[in-house]
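What follows is a pair of complexes built around subunit A, which joins subunit B in one and subunit C in the other.
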Partner chain A sequence: MTRAAQGLRAWLLQRFTALYLAAFLVYAVARLLLTPPAGYDQWLAWMGQPLTGVALTLFVAALALHAWVGIRDVLIDYVHAVWLRLSLMAVVALLLLGSGLWVTRALLLAAMRAAQVGA
Partner chain B sequence: MSFHMVTDKPAPKFLNLLQIRLPPGGVTSIAHRVSGVFLFFTIPFAAWLFDLSLRDTGGYRQVLDWLHTPLLRLVAALLVWSLAHHLLAGLRHLLLDVGIGVERLPARRSAQLVNFAALGFAALYLAALA
Partner chain C sequence: MKFSIYRYDPDQDDKPYMRDYVLDDARIEPGMMLLDALLLLKAQDETLSFRRSCGEGVCGSDGMNINGRNGLACVTPLKNLAQPVKLRPLPGLPVIRDLVVDLAQFYSQYRAARPWLINDEPCPEVERLQTPAERERLDGLYECILCACCSTACPSFWWNPDKFLGPAALLQSWRFLADSRDRATEERLDGLEGPFRLFRCHTIMNCVDVCPKGLNPTRAIGHIKELMVKRSL
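Showing the complex of A and B:
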């Protein structure tokens, strides 16, 4: 792929992920404000639902990609020493992947706990 | 992004940040970056708090207690501003991409709207706490 095509791909990725992130955030904040969970059990039941799990996992993936493109742009603009820029990009990638996997794991465990409580 | 201006004046030797008057669009642009970087730094903490809140009743209570401390309320207010600004400025960007509001005056107005609305959301959050 040419450099221009790579840039276009990142540009498109940034916009498509932005649409999902915005829609999900508005829905999630509205729902949290309108019907806040009364306690741990309701919170667990909500997060343990299959639809919530899938939608939130998609959100995590979209957020990681979106943040990656954005932070990469910032690093390219301000960090000019190549070794430092690459090192920082590696740290950013690790942080995003680690956080994403952590949330996915928490969601899977929540789904299992919710299923046990419901049974 | 880089700007190449054709000018007779020599480049300034130093930049006096207090003398630079950024237009509203410039403020929106830099705030989009600042809020984005701040939001990025909150990601690992958010992941950790999310996991803790789902672990058991104690974890859930712990997260709520922390969220009610003055320090985290301040961080939350900053988070509300960042989210509101990043989302609104991003929507403005998408509209500009498809050719809506590109003219000078509408672009200026929408930039001002984004900047003030984001502050408004943060103020609303702080008011809701009081």
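Showing the complex of A and C:
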């Protein structure tokens, strides 16, 4: 990673992901309040829509990146032993990556399921 | 009036302690500043050490932690202070003695900001002139007196004093980036890249809260980030 990526780019990434997270959360909460899905079928239908799937996948990616920059900042601030900081950062990175992939898999499965139900 | 003052003489004391002082209320005059009281206390106990010089908020020598908040003793009115007035040295710096701290770290951060005009163009016959608007951009930046109240109030400085430049030095960084006569914008911005030197600032704004001159290092840091973004586009 270049020095630029560690400073300015990380900071910009945090700002831009924050904007998307805020916008999506407003949409998601409004959608859930206005037309709450009544049951599994309606949840599936909502999640099966390509636009929802893409928006939600982007949300998960943005959340993971945002969390990465934030937790990395905390670790850089407080953990000064380099080996410990790197180990903790590796654990966090793996956790975030794993969770992200797991959610993406769930969303893909939902999309396939919805396609089957639709067909 | 009661005071509780941090005392530490590394030659004699194993560890720092707080000593109580009482100043006769009859000696307190209206409009008196904390520094005046400290000078009276020093007359009572001449081993009490602190820095002071001009006594009117211009030299920046008597920065200290007053009831938990950094400030200049010479411009802090006595009457607003809760008693006992707790006086400690500026946080996060090595104590030389009592309220006197070692500012070497602070000055090396200041030096790292290269606080001078860099311009290799041939010298003009007269001064390098500025328009009034260009000169105005330096308002709120050049007034810094380097009292170290802001940097020593900054948690990011406490955690990484050797790598983060701190609000005072970053204010100076922007003061020269904003100067129409300076030509070293690229080098200055390159020097601030990376996760530490500038980007440890998390806009906590303790610096703005304590600055005795009412300056705003957080805004200066924001301007630097803005300039970096503009440059990278």
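One rule holds for everything that comes next: the second predicted complex is superposed on the first by the 114 of 119 C-alpha atoms of A that agree within 3 Å, B and C clash if a C-alpha of one lies under 4 Å from a C-alpha of the other, contacts with A are read in each partner's own complex, and residues count from 1 in each chain.
Just so we're on the same page, a contact is a pair of C-beta atoms (placed from the backbone, for glycine too) under 8 Å apart; a residue touches a chain by one contact, two chains touch by 3 or more.
Quick caveat, the model's predicted, so the values are computed rather than measured.
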First (subunit B), second (subunit C), both or neither touched by A:Gln6: second
Broader residue contact with subunit A after superposition on the shared chain, subunit B or subunit C: B
Subunit B versus subunit C as contact partner of A:Asp77, first or second or both or neither: both
First, second, both or neither for A:Val54, with subunit B first and subunit C second: neither
First, second, both or neither for A:Leu97, with subunit B first and subunit C second: neither
Doubly contacted residues of subunit A, that is, touched by subunit B and again by subunit C: 77
Residues on subunit B engaged by subunit A in the complex (per definition of touch): 1, 33, 36-37, 39-40, 43-44, 46-48, 50-51, 53-54, 56-57, 60-61, 83, 87, 90-91, 94, 97
Complex interface listing, subunit A residues touching subunit B: 15, 18-19, 22, 25, 39-40, 43-44, 47, 63, 67, 70-71, 74, 77, 92, 95-96, 98-100, 102-103, 105-107, 109-110, 113
In the complex with subunit C, residue positions of subunit A that touch it: 3-4, 6-8, 10-12, 73, 76-78, 80
Complex contacts: residues of subunit C adjacent to subunit A: 155-156, 159-160, 192-200, 202, 225, 228-229, 232
